[in-house]
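Two complexes, one shared chain (chain A), two partners (chain B, chain C).
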Partner chain A sequence: MNPKKTNTLALLMIRIIAVIVVVILAFLIGRILIQGLPHISWKFLTTSSKAFTSGGGIGIQLFNSFYLLILTLIISFPISLGAGIFLAEYAPKNALTNVIRMAIEILSSLPSVVVGLFGFLLFVVQFKLGFSILSGAIALTFFNLPLLTRNIEDSLNSVPKLQREAGLALGLSKWHTVIKVILPEAIPGIVTGIVLCAGRIFGEAAALIYTAGQSATSVDFTKWNPFDASSPLNLFRPAETLAVHIWKINSEGIMPDAEQISAGSSAVLIIAVLIFNLSARFLGQKLYQHLTAAKQG
Partner chain B sequence: MDALKYDLKDTYIVRFNQKETEIAMTTNNLQVFYGNKQAFFDGNMQFPKNRITALIGASGSGKSTFLRSLNRMNDDVARVEGQIMYRGIDINSRNINVYEMRKHVGMVFQRPNPFSKSIRDNITFALKEKGLKDKVEQDRIVEESLKGAALWDEVKDDLDKSALALSGGQQQRLCIARAIAMKPDILLMDEPCSALDPISTLKVEETMLKLKERYTIIIVTHNMQQASRVSDYTAFFHMGHVIEYDKTKHIFTNPAIKATEDYVSGNFG
Partner chain C sequence: MDPIRDKILKRSKESNQDVIGKILSYAAIILILAVVVSIFAFVFAKGIATFTENHASLKDFLTGTDWNPNVKGEDGKPLVGALPMIVGSFAVTLLAALFATPFAIGTALYMTELSSSKGRAFMQSVVELLVGIPSVVYGFIGLTVVVPFVRSHFGGSGYGILSGAFVLFVMVLPTITSMTVDSLKAVPKHYKSASLALGATEWQTIWRVILRAALPGIMTAVVFGMARAFGEALAVQMVIGNASLLPTSLTNPASTLTSVLTMGIGNTVMGTVANNALWSLALVLLLMSLFFNILVRMISRKGRM
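Moving on, here comes the complex of A and B:
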């Protein structure tokens, strides 16, 4: 076969594979949206769920999902940032740090149900946090840390070494160079990492069933003091998320409109992930432009 | 390898009479090791003030290693022994504040490496970190440095645009401006034109000739025409040794050592 034919054939194969992937994705998303969108209404999004009768909403679950996501990121992002900066900029390349890197990789492939059971035993039972949004957030942090740490480390490593030398040659300390020069340049990569993690957290059910619990206790959206028992911000209330809700309806839902609620919830979940991703990218881009003057460039 | 045929002990290193020539920096018995491997041997050189000294030699001859040792950029990767005397202080000693020292000994790198910030911020960034808050003074230094690097006329209306939008040659001159904004005494340049086209190269060379009125410049270059065009003194490096160090005119027209003669005439190999 001549090089031109080989090239054409290879290109054809790659195109077919790409089309297959896109078609599968489009089919899945399209199906979920087509089935779910008709059931979404303002009432569906804002009212609380009902156990036995039809007409329940997902208001609390939707709030719980976002709250849990933000809480998890608040806990895991600073830790990952510190660990990522250390691994990328300061850690010597030796056997110990290689073991740490490997441990991080292994941790990232831990099945989420194992993370959930671990969280149940340690936080829910041992630390007596109970089925609570805090237990869920800590369990998800364990789940989240490896991926985010690895992502931040990679993002920092992708900034050219010359940038570090430029800072050092001007008499800046390594820390200043990393924080003020390297980190801003790594923002787009780090935002991608946060977006991927957010998708995982939004969609996570197994790790939460045993930690954040499966019940959506009713909350009073007029009370914003986190120490109030019925406040939505209360850290110690059980908090069923959207993904857990979908799992529960499908496994043991006895309300007459379980199927519709499940379809609607799935569509809402996908749209919520989409909205979060787009806004995270938008904010990341703004921050990047602000810190690097990249807009004009 | 023919390059092995030269006697590395056969050297000529110019010594200056310090009463007649002011010396900006002196190295005494400088040795550089990467792990157990010695990459540079016995550096005993004086660099005269307000002159351009070119370091030439084949790839791997140790000239960049030597240059990067002079402002301690090799600290993390190599072991540097010996003295580097600057204003009567050994800046190679362990208790030196390297960050303070690097304000006096600036560096421009092989590839342009502006920060991905605006042109203005590239210059003011390090100044702000050092505590210069006065905006008027910042602007004055920005203008002065950009003029010093012969870039002002090209960018004066675009100071808030990203430095990455500049051409390679402009970026390199911005890096020079950034370095001189710190008001160093000595400017180390590691093949500053190797990534630039001939026109940008000429501009950078013109800039260097202007800069030597105020700074002492030590430049590593692969380009022998460049060395002969801009430098006052030239050192020829070979296999980690300084073989010959003398006036540029002597090096290129009447070298004392056979290895130098072969290298500058292109018979090296």
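Moving on, here comes the complex of A and C:
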């Protein structure tokens, strides 16, 4: 075979591979939506699940997923903001900083089940929080911190050095410059990162099985006092999320319509992740236009 | 007292702000470090209890094939042979990497060398969507699509290492692809121009110049993908069949470190041999993820020389 023929053939192969990858994705999304959408109804989204009979919904799980997501972001955002500012602005270039970076990298590559087990050991068993939303949110924070920190660091680093010099030249403190000048300019990137992290948190299950628990206790949506035992906002109640629910009914579910429920729940999860993905792009762009002088459209 | 002298000698508002800012950001980074250190300390302390408290031998743990920690063997030591799980984990990881690498490199080459900018943006969002699909959804698809497919085409019950590898293949594909794209983009443009100017065809250029130059980066990408596959729990657990037997074929039910962990922790009591043995598995997972990290560092250091 001459080089020209090899060339045509090889390039064709590369194109075919790319098409196969697209087909795989289309098949996955299509299959989930086609299988799941017929089961989604207002009733499915709002009623509570049933353990033994068919017709259960995912209302509580859906609420738990969003509540856990918000809690996790509330806990992890300030910490990763501080850490990101440290790495981008204050970190001296020395061996210690390298160790810190390596530690963050290791934390980001730890299997999520190990992070979940650590949360189980420390919060559920040692601190006696039991299977609770709070334990789950802290475990998810551990697993979310490295990503969010790196995202914030990158966004801060992408702001030109001139801005920092300008701030310092005006007699502002370094901290003041970072908070009032650098951070606002980095906001679009940070928001995109947060929303993408949100998608990841929303679908995470392995870290939650042994921290937030596998049972959805019924809650009373008329009580909004967080200290009430049956309040949906109670931090100390076990809270099965949507992703954990899918895992649970597939591995030990005994309701007759387990497959339909998982199909419906998977579709809801996928739609949520799609929304997170699209809004990350949209919000990032809009905020950038809003905060800078970039042209609209 | 001279007010000007006083003002100059006192710390300014700005330097106070700086101190506060420094304290806040140092506190955040110390907190993260503490988390990493305590994860290692806790899992390590729990993981070695099997050997220090329950007197299982490390050799049995790594080479034994009987996993039944509640039962004592003939020598009076608990049966904690973890070899089936270790083999299972490595088998799914290696197979998944083997399937995914050619696809990832092909897709990455398409994105960097062949496609128009529109095609690249499209493939970029395809890769991002694949990353975004939650692992339980992959597991559910695995249960409803991959397991029946394997059952009817390869025989067996459908649950097993092959199904696990197929599911992981799709899960690590985007990871390897996006990192490979980065390393292909980092190849200097003039390498390509020089090769084309010498009369090489496009494929010869890709094969002999671009891929060679990007090799360390591609290897890093594959190791990252393997690390992700090794630590993935639920999607694998749902399709692998969960039998703690040494796998004899790719289509027999098997188990991985992560699948035994997810199934077991809830069914054992804290402090018992069975529970400690599971923590030893978690320790193996932790050490492997550390190993993958070191491997990545070594590859990228070599690549820079």
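The definition used in the following text is that the second predicted complex is superposed on the first by the 250 of 297 C-alpha atoms of A that agree within 3 Å, B and C clash if a C-alpha of one lies under 4 Å from a C-alpha of the other, contacts with A are read in each partner's own complex, and residues count from 1 in each chain.
Note that in this section a residue touches a chain if its C-beta (ideal position, glycine included) is under 8 Å from a C-beta of that chain, and two chains touch if they have at least 3 such contacts.
As the structure is a computational prediction, the values presented were derived from the model and not from experiment.
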{"item": "Which of chain B and chain C A:Met255 touches, first, second, both or neither", "value": "neither"}
{"item": "Touched partner set for A:Leu287, first chain B, second chain C, both or neither", "value": "neither"}
{"item": "Touching partner for A:Asn277 - first (chain B), second (chain C), both, neither", "value": "second"}
{"item": "Which of chain B and chain C A:Leu162 touches, first, second, both or neither", "value": "first"}
{"item": "Partner chain(s) touched by A:Glu105 [first = chain B, second = chain C, both, neither]", "value": "second"}
{"item": "Touching partner for A:His176 - first (chain B), second (chain C), both, neither", "value": "both"}
{"item": "First (chain B), second (chain C), both or neither touched by A:Leu233", "value": "neither"}
{"item": "Between chain B and chain C, more extensive residue contact with chain A", "value": "C"}
{"item": "Touched partner set for A:Glu185, first chain B, second chain C, both or neither", "value": "first"}
{"item": "Chain B and chain C contact sites that coincide on chain A, given as residue numbers", "value": "171-173, 176"}
{"item": "Contacting residues of chain A [partner chain C, same complex]", "value": "3-4, 6-7, 10-11, 13-15, 17-18, 20-22, 24-25, 28-29, 31-32, 35, 78-83, 85-87, 89-90, 100, 102-107, 109-115, 117-118, 120-122, 125, 142, 145-146, 149, 171-176, 178-179, 199-200, 202-206, 209-210, 214, 243-244, 246-247, 250-251, 259, 262-263, 266, 269-270, 273-274, 276-277"}
{"item": "Residue ranges of chain C in contact with chain A within the complex", "value": "13-15, 17-18, 20-22, 24-29, 31-33, 35-39, 42-43, 46, 102-103, 106-107, 109-111, 113-115, 123, 126, 128-130, 132-137, 139-141, 143-145, 170, 173, 177, 201-204, 206-207, 224, 227, 230-234, 237-238, 258, 261-263, 265-266, 270, 279, 282, 285-286, 289-290, 292-293"}
{"item": "Residue ranges of chain A touching chain B (in the complex, touch as defined)", "value": "160, 162-163, 165-173, 176, 180-181, 184-185, 291-297"}
{"item": "Chain B - residues contacting chain A, complex", "value": "71, 73, 99-103, 106-107, 109, 111, 113-118, 121, 125-126, 129-130, 158, 160-165, 175, 178-179, 182"}
